[in-house]
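You will see two complexes here that share chain A, one where it goes with chain B and one where it goes with chain C.
Entry: the complex of A and B
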């Protein structure tokens, strides 16, 4: 095992001198985390200003405006009166308003008669949420008016005499919809972009270490270094272990730097320390095992490069390092759990959203199981003769 | 007939590249897989993911409400019987809201007892209000039928069940107040969801990244002495520069064609006005070529170009709106983003794909990109020439 340590130490010294490794391991993830943090600086809660053009000037129009101005909605919308539909259009187009409502002339008489009255919502393509919220507010107002009318018609259709219509209308005006929604939250913590992308980009760039380690194994073979090492009482498995160990140290340094810098400067949440540390250590261990696997699988320096790139990108694509895997379709979410980095991201998302440190246990075990399988494969492959 | 010297240099450079299977993986396989994955993920951008908890033994009103939520065009729903699993989905951000129907929902409504439906939203989403409003609208429609059924049975003793069936039949024809949404503009300033989002952004991203990584081939040619040997032949440094630049351009164009072709055929992307799209592809390939040849003169080893190039490419892609629309970032970052060429290219693709733009409507981003391409090509070819003759 001593030989593995010596080889790892030599590799790490080389790695520090090789600036591209430092760039990939430390600078690139930090640069990208900075860009992301700046991009998503503040994500406040939703609030929009809506305009109302009340051409109706009757009781339904007034009731609609009163609903919009009710204290319940003051967190969501600020209401502004607008004189004409044309002006409302212009204000929405210029993004001065999130959306606008037009209550047309004759709205109340139409709603009380048999004609259809229409609330028009003016929205813009770029303010989809404001548009949808406004449409839904209009829909819920319409729901009560329509429910009252449906109540009268249903009573008439199921046997109430038409002579009692006036009574029914008066009675229905006092009705309130029997089903309502009660909002609440589940006490989860907010997942910020920086909290997701800090570990995901850290893992992505840390995986580049797989290529470095595997490639250097084959470089040593080409330069004859490996033959010289094997002339000493060193087994091939120890050489592979040395390469894996250097990836382990490089990966730990890279991910820990990322964790410290993003936590201190960008307020990224990595979760409770012991649990986050366990996840970091497990995923770095998996990368180390993968280094040995790629070195053992390849037959040349070029192949090592190719296999490492393929493995790295396959893992980061499937594991959700490029996309917020939670919002992916279920198939992709399941595929992510075939990769160690997918499990690591699952663990970080759980920790960051307040699931408690125990949420890291299953991901850590899954990553360790993956690592054990890879290490087993390496042990089998390492028995192959070294000379080509 | 002999091949002109610059083309022979180009052909040699391209042959070296095509034989490099790793490079081919990055040029051919990776972009397609990334377009697929990001396209699948970005598909649901326009739908809000909602979980509906329907407790075991719930009656037809509860089941019906879950179905109606599923039919709402703004929602995509998953029904759970296990509330704990649904809450975990909400916490992880897999759902933006959770509708929890109370036990005994049907019985209570039939008995005339008002019911409150739990609407749990996730702090992970900025869509809380939108989802709350959409759910309330669906709930309101069912509530209207229940209100009507109860009202009728009180008025004339017709019974809740019979009245409910009658109210359900009457509802579609009794809508007196409708809501109609009108758009005041003609198109969005973000790309459409799904593959029409991922294909153009990944074209911009990968053509640039592979061009930067392609700088490694120029450095390798220099290290292997290929340029020196070529200079022994009766050709000038300018010929080699032209040949290498052409090779980078051909590669960028081939990769663009591949992404455009696969995007159109496999993923059904409409790339917009063909003349404008073709011009944009060529100008972007020129930007990539300039950056790629420059990377071949700035980095010292192929490893550096292969390692640092993609990192720069990803960072530029993030700044320039390839990873997420610049519409959702802070105004300052939107301005900063336009320092890199990517933002201009994504702007132009957005005009073509979302607004049905033509060549004239993307003139401004095209001119900016052309300016950047000229500057990069001038700088890179001068530097490459200097490196060859040195």
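Entry: the complex of A and C
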């Protein structure tokens, strides 16, 4: 075991001197996590500016604008008055507006009578979400108007005098549909994008260490240093253990740096410290075991590179390091649980959502089981003779 | 570093046997790489394993160093076998096996630690080795910034850092400039003088002659002869070697030479013929007369006293460098 420590120490010294390893282990995951958070981080707090062309200039048009400007919608839309439909189209095209509404001349009289009253929604496929949200708002308003009309017609049909029609219309206009929706999360805390992508990108780049470690084993062989080590009283398994150990230490340093920096500067939530630390240690241990496995499986430096890349990308694609596993199809969600990183991400998501530290127990055990299987395979492969 | 005459003068027969290899054999598929090789090396002795490329030298030392499991046979080093024996061996591979991004000192410390040397002893020994290989001033330079000669010396130093009792050098002068070659040979002589047993493989006859107390001649995996230079030369009967550079019908010339009384062997070489003869200078006129009428022109003639090249030719029927 002493030889493994000596080899790991030497490898770490070399990695620290290799700037590309530092870039890949520390800087790249930070950068990518930040970029992905910026890209997806606003998904839960959509906001757009909409234009209103009020050619109607009657009470229904004013009611529509009032609805858009209501406190309930202030987080979603900002309303801007626009003079003409042509100008509204230009502003939408230029992305100055997310979408625009055109309330045509005669909109209110039509709604009071039997003619069809239309609200035109101007949107573009470049801003599909804004267009869909605007259409939904228009439909919501139309549903409200229809409900008002229905209530007035019902009153009239039941014998209310025509003299009270104006009063009924005014009263119904103050009503709101009794059913409303409010979205919320099951967990105690809302999962933010940076909280997801910090561990996922950290694990993804930490997995690159598998290739580093495995390739360095074969580089040792090509350079004759492996022979030199094995001519000393060192077992082949100790060399593999040394490579795995250096991956472990470098991976821990990489993920811990990621955790500290994203927590301090980006307010990422990693969950309770002991549970998050256990998850980090378990997934790094799995990566270390995979390093030894790839080194033992490969038969050349190039093979080590190829096998490591295949393993890394298969794991991160299946494990959900690029996409939220929860929004994936059922099959992918099941496949993710065949990977150690899939379990780790599940554990992190649970912890970040406010679950207690015990939520990490099952993922940690699953990752350790995976590691044990891999380590067993390494032990078998290490018995093969080094030279043929 | 100077060579101790007293140590070199001690006959190997009275020194303690350090390394014993018995009946080592190794096959690679159908090819026999090493065939029943047995040899011993005494403490403080420099033993040369001489043979052409592909003769089985490297395979033999890889088995001795525990890097290759023999099909048959065993290796004993000072009463130890396996992992414990490996701790006594300093292995210096043919190619430079160092870490370019580490300094000279860091390389030596790494290899020393693999042998379990403690920090204090290791630091002292690393300084000694750096002094020995004349790299003390370059101790903190990275290997990638060193010259080829310095790397060669450090390559040997890495095999010495744990104070082995047997130093195994696998063709350390291949591809080396004359100056570095001289430095390496001087160092190897010094190691022997200081009581370190050395196993030195080479296909350069001059190196084996100059450095080694005893030489084992290996060809096609078999150890065909072994002994001191004097003992080996005696096997060819103190005969001279004549190297002829010939153009034209070389085969006819070789056949003609074989018919001349006093010619022991005559073989074709890359640029002519090589003869082992009883007395080269006396025989030369008769040889030229015998080949005068042939369609072959002798461009140069070189008569050499008996040496290991002659021995190799005599024993194997081929020149060492063929």
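As a working rule, the second predicted complex is superposed on the first by the 235 of 388 C-alpha atoms of A that agree within 3 Å, B and C clash if a C-alpha of one lies under 4 Å from a C-alpha of the other, contacts with A are read in each partner's own complex, and residues count from 1 in each chain.
Just so it is clear, a contact is a pair of C-beta atoms (placed from the backbone, for glycine too) under 8 Å apart; a residue touches a chain by one contact, two chains touch by 3 or more.
Model, not experiment: these values are computed from the prediction.
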{"item": "Touching partner for A:225 - first (chain B), second (chain C), both, neither", "value": "second"}
{"item": "More chain A residues in contact - chain B or chain C", "value": "B"}
{"item": "Touched partner set for A:35, first chain B, second chain C, both or neither", "value": "first"}
{"item": "Touched partner set for A:329, first chain B, second chain C, both or neither", "value": "first"}
{"item": "Which of chain B and chain C A:2 touches, first, second, both or neither", "value": "second"}
{"item": "First (chain B), second (chain C), both or neither touched by A:142", "value": "first"}
{"item": "Partner chain(s) touched by A:302 [first = chain B, second = chain C, both, neither]", "value": "first"}
{"item": "Chain B and chain C footprints on chain A, overlapping residues", "value": "18"}
{"item": "Parts of chain C lying in touch with chain A, wherever the complex brings them together", "value": "28, 62, 65-69, 83-84, 86-87, 89, 91, 93-99, 101-102, 106, 110-111, 113-116, 158, 162"}
{"item": "Touching residues on chain A, where the partner in the complex is chain B", "value": "18-21, 23-24, 27-28, 31-32, 35-36, 38-43, 45-46, 60, 76, 89, 92-93, 110-111, 114-126, 128-129, 131-133, 135-155, 157-160, 164, 168, 171-172, 175-186, 188-191, 205, 208, 302, 305-306, 309-310, 313, 317-318, 322-329, 332-333, 346, 349-350, 353-355"}
{"item": "Residue numbers on chain A that touch chain C, as the complex places them", "value": "2-3, 6-7, 10, 13-14, 17-18, 223-225, 227-235, 385-388"}
{"item": "Touching residues (chain side chain B, partner chain A) in the complex", "value": "20-22, 25-26, 30, 33-34, 37-38, 40-41, 43-44, 46, 49, 74, 87-88, 90-94, 98-99, 109, 112-124, 126-130, 132-137, 139-153, 155-156, 158, 162-163, 166-167, 170-171, 174-190, 301, 303-304, 307-308, 311, 314-315, 318-319, 323-324, 327-330, 332-333, 336, 354"}
